[in-house]
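Dropping the structure in here first, questions after.
As written, the chains take the letters A, B, C and D, and residue 1 is the first residue of each chain.
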Amino acid sequence: MNPVCLVIGAGAGIGGTVGARFAREGYHACLCRRSDEEGLNRLVEGIRSDGGSATGFLLNAVEPGAIEERVAAVEADIGPIEVAIYNLGAQIGDRALQDTSLKAFETGWRLGTFGLFRLASVLFPLMVERGKGTLLVTSSTAAMRGNGGQHSHAAAMGGRRMLCQSLNAEFASKGIHVVHIVIDGAVDAPDTLGKMLGAEKFQQLRETRGNEHDGLMLPAQIAETYVHLARQHRSTWTHEIDLRAFSDRPWWNH
Amino acid sequence: MNPVCLVIGAGAGIGGTVGARFAREGYHACLCRRSDEEGLNRLVEGIRSDGGSATGFLLNAVEPGAIEERVAAVEADIGPIEVAIYNLGAQIGDRALQDTSLKAFETGWRLGTFGLFRLASVLFPLMVERGKGTLLVTSSTAAMRGNGGQHSHAAAMGGRRMLCQSLNAEFASKGIHVVHIVIDGAVDAPDTLGKMLGAEKFQQLRETRGNEHDGLMLPAQIAETYVHLARQHRSTWTHEIDLRAFSDRPWWNH
Amino acid sequence: MNPVCLVIGAGAGIGGTVGARFAREGYHACLCRRSDEEGLNRLVEGIRSDGGSATGFLLNAVEPGAIEERVAAVEADIGPIEVAIYNLGAQIGDRALQDTSLKAFETGWRLGTFGLFRLASVLFPLMVERGKGTLLVTSSTAAMRGNGGQHSHAAAMGGRRMLCQSLNAEFASKGIHVVHIVIDGAVDAPDTLGKMLGAEKFQQLRETRGNEHDGLMLPAQIAETYVHLARQHRSTWTHEIDLRAFSDRPWWNH
Amino acid sequence: MNPVCLVIGAGAGIGGTVGARFAREGYHACLCRRSDEEGLNRLVEGIRSDGGSATGFLLNAVEPGAIEERVAAVEADIGPIEVAIYNLGAQIGDRALQDTSLKAFETGWRLGTFGLFRLASVLFPLMVERGKGTLLVTSSTAAMRGNGGQHSHAAAMGGRRMLCQSLNAEFASKGIHVVHIVIDGAVDAPDTLGKMLGAEKFQQLRETRGNEHDGLMLPAQIAETYVHLARQHRSTWTHEIDLRAFSDRPWWNH
């Protein structure tokens, strides 16, 4: 039986690509996303046609009980989750304070912070029993510093980062590896950046940001680092790492 | 008419003491706390008998609309809020992940992050019109790093810190001074630390932590720094400052 | 006898202004600077004509023994140093790596890091005996993050910041208050910024950066915060604080 | 011709092990260390008997010109340096301020900060011409926070970190990958930790810190992460990463 890699937030960018990469490592990839069943099926089919093993699930992470039930069902029906990827974003684009509704702010928190807490709450007791497990948390610039228009996003991601540190403090010595991965740049992801910018601007960005599109962060390359982190020996664990394109400036320089 | 200083979270520790200190500066102190009407009245009476001006309000900050209505009523009935102190804590003591309920985690966020967002959302448009205003945010060690048992608290405070930075990014140039004040140590506060420890342990701590109790942070001394921050000229604003007792180690050393 | 406030790096900007401000608090200001005896005398005369007490010294801080001898002589001839201000900058303007000589890099360290170590090495044993003392260290954006062209400056200031934390770790509990003050913006200082920009550009900057020149940080206002920090009660000490003009963005936003 | 991996500071711990690991990747490892020619030869022999390619050099990094000449000679005689590892430590154990001589402080800087600057000054122009290159900088807890007894070490490492950020700001877009690697724990290294503790205590530590000695960081495992970093695609570069054993607490929690 393959070990399971659970991806919460498996779009066509980081989530789906990382899931496929873990499938190539021999994991059964459980891909969860809120909508676009067709896109989800394409991801699963892609993995299978590469000889990998995967299942897709539609999952509305803000719905009470949804994450909890998905974890329980995967553990019961497919197998023990060895690696979990929490990849839900909460970026809603730059919005002035006045344009940030209470509801938008709360949704940011539900996706950005609370969902991660709920995942850890159900998954970590199982991992503790097994004496091991890995939780890779995709995070962002906004976890490191607030900025104009980022009220909802930065608050959610700042909470995410401090939660990762708290989880690490309690669970590292029990064999659970928690990593806070700071994606500090634009990702070549049609489902998120592409939709935010619109097709035309996104294509333009792809063409102008360096040779071979590599001014944008390539999900397939990001996935290499995720796999490396999951493979780290427990004598040598990373808790925080940043990633950005060579042509970009890090958050502390812009 | 006196300028108004609004304190959200005015217990017998930092909040009430800071409010009284601003009253001595000539502000009308509007003190808000969730419960203990008697204690609230004592604070108001104390200010008045010192020749200051103050009003007390019971306020349940997690209740929808409560902060918003309080701000509107104070502006209408008492006067423009020049200084606001957001002093609600969200510390619930060290709790393992398994002992941290979804509800506790959510309440931490409602007090720690969301209430501050709600306050800014209603107050900042008024301050922008007036071209000035000050928001002093009491924060804590948990805003800087997560730790064992701090899942709820650290997530709430990490969100608070990033929100303060986002508010500053949008509003500093409009004349609104936002300060994130890291209270990095135990405060000599009977209403919070005292209740958490119990009367006996609290007294013992007071006696053992240095001469004149000054191993604990004295609220009256903290208030001096709050007043200084509110007085800073706009050519020279502080956004982040830490405070701790001389006999304590800073968060990065323990 | 007045307590002594020793300023290392007393030009017409922060250093001299802070010295004069402490003289108004009743300190005897000992102002040290490398050159411009005339400017130094003007500062001392200014303090005296305000009714304060001051002495000026020419001091080449990179010269072996110079800081050490100055401290010894002031303690012997004038009185115990209660407050020391380390205000030597090491900014040499933006220089590409190729244009940064070994000598420039070393001088940056001698001014930025080593001089502070030397000052603490001779002064702190005296302060420990007296059970109290304050060291206010002017620092800069470059202590928080490196940047293009800042090889020498950032290395020197990064060392300065870590040294301040190490000094605090050993000496806070012995009554010595060390503060790392992050001056995160351009200061209205003719001797440093003025010389770097040239008279014309400096005047232009003064005129365009906001009403009353307050887009630039005003040394007189900075001095208010220095005095506040020196006055903090030992139950409530600040170790790190940032300062910038309201119209500027903090380092983490640009 | 093999690409060259130059290691400055190639003892039996991280440096030598990382060098050997890069040799297994097909690099010619140039191992430099100050003393112990026998130990150096053992490392080189070990690499060769594994089928790798390596040369050893004795190098006193604080000697003027030594790093510069070594780089020039390697480039001339062996080949272009694609990966450089700066692995010189500056830890001298905990020393109170009074026990930290001017000379010790200066040596800390020469090893910790200045040597890295000198290496980059001669190597980066060559890498810029080639449009690529990697500099992996071993760093430590002391780069992130000062601590008692760490005056020399923390100042040196704080300078190192800010220098890495400055180098990155100028050179990332030119294809040079600079990584600041925070080794945040005790390494299973007989040449450094072993000597500092003495043979007996070191053995005791090895036996008590977890099963398979993995409470100590294993150099062979650290080397895996170094290789991963050097392999990262330029669309997805890490600038800062931390590493510690699962059983250890990160620096922000102790």
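In this text, a contact is a pair of C-beta atoms (placed from the backbone, for glycine too) under 8 Å apart; a residue touches a chain by one contact, two chains touch by 3 or more.
Just so it is clear, the model here is predicted, and its values are computed rather than measured.
Participant: Select, from B-D and C-D, the pair of chains that is joined by more C-beta pairs in contact.
Facilitator: When the contacts at B-D and C-D are counted, C-D has more.
Participant: Looking at A-D, A-B or A-C, which pair matches B-C on over half of its contact pairs by residue number?
Facilitator: Checked against B-C: the matching pair is A-D.
Participant: Using mean C-alpha positions as chain centres, tell me how far chain C is from chain D in Å, no decimals.
Facilitator: Spacing between the chain centres: roughly 34 Å.
Participant: Can you check how far apart chain B and chain D are, centre to centre, with Cα atoms defining each centre and the answer in Å?
Facilitator: Going by mean C-alpha positions, chain B sits 45 Å from chain D.
Participant: So which stretches of chain A touch two or more other chains?
Facilitator: Each of 145, 147-148, 165, 168-169, 252-253 in chain A touches at least two other chains.
Participant: Show me the residue ranges of chain C that touch chain B in the complex, using the header's touch definition.
Facilitator: These residues of chain C touch chain B: 165, 168-169, 172-173, 175, 177, 188, 213-218, 221-222, 224-225, 228, 231-250, 252-253.
Participant: Any idea which chain B residues touch chain D in the complex?
Facilitator: The touching residues are 144-145, 147-148, 251-254.
Participant: Considering only the defined contacts, which chain A positions touch chain B in the complex?
Facilitator: Interface residues on the chain A side: 96-98, 100, 102, 105-106, 109, 113-114, 117-118, 120-121, 124-125, 142-143, 145-151, 154-171.
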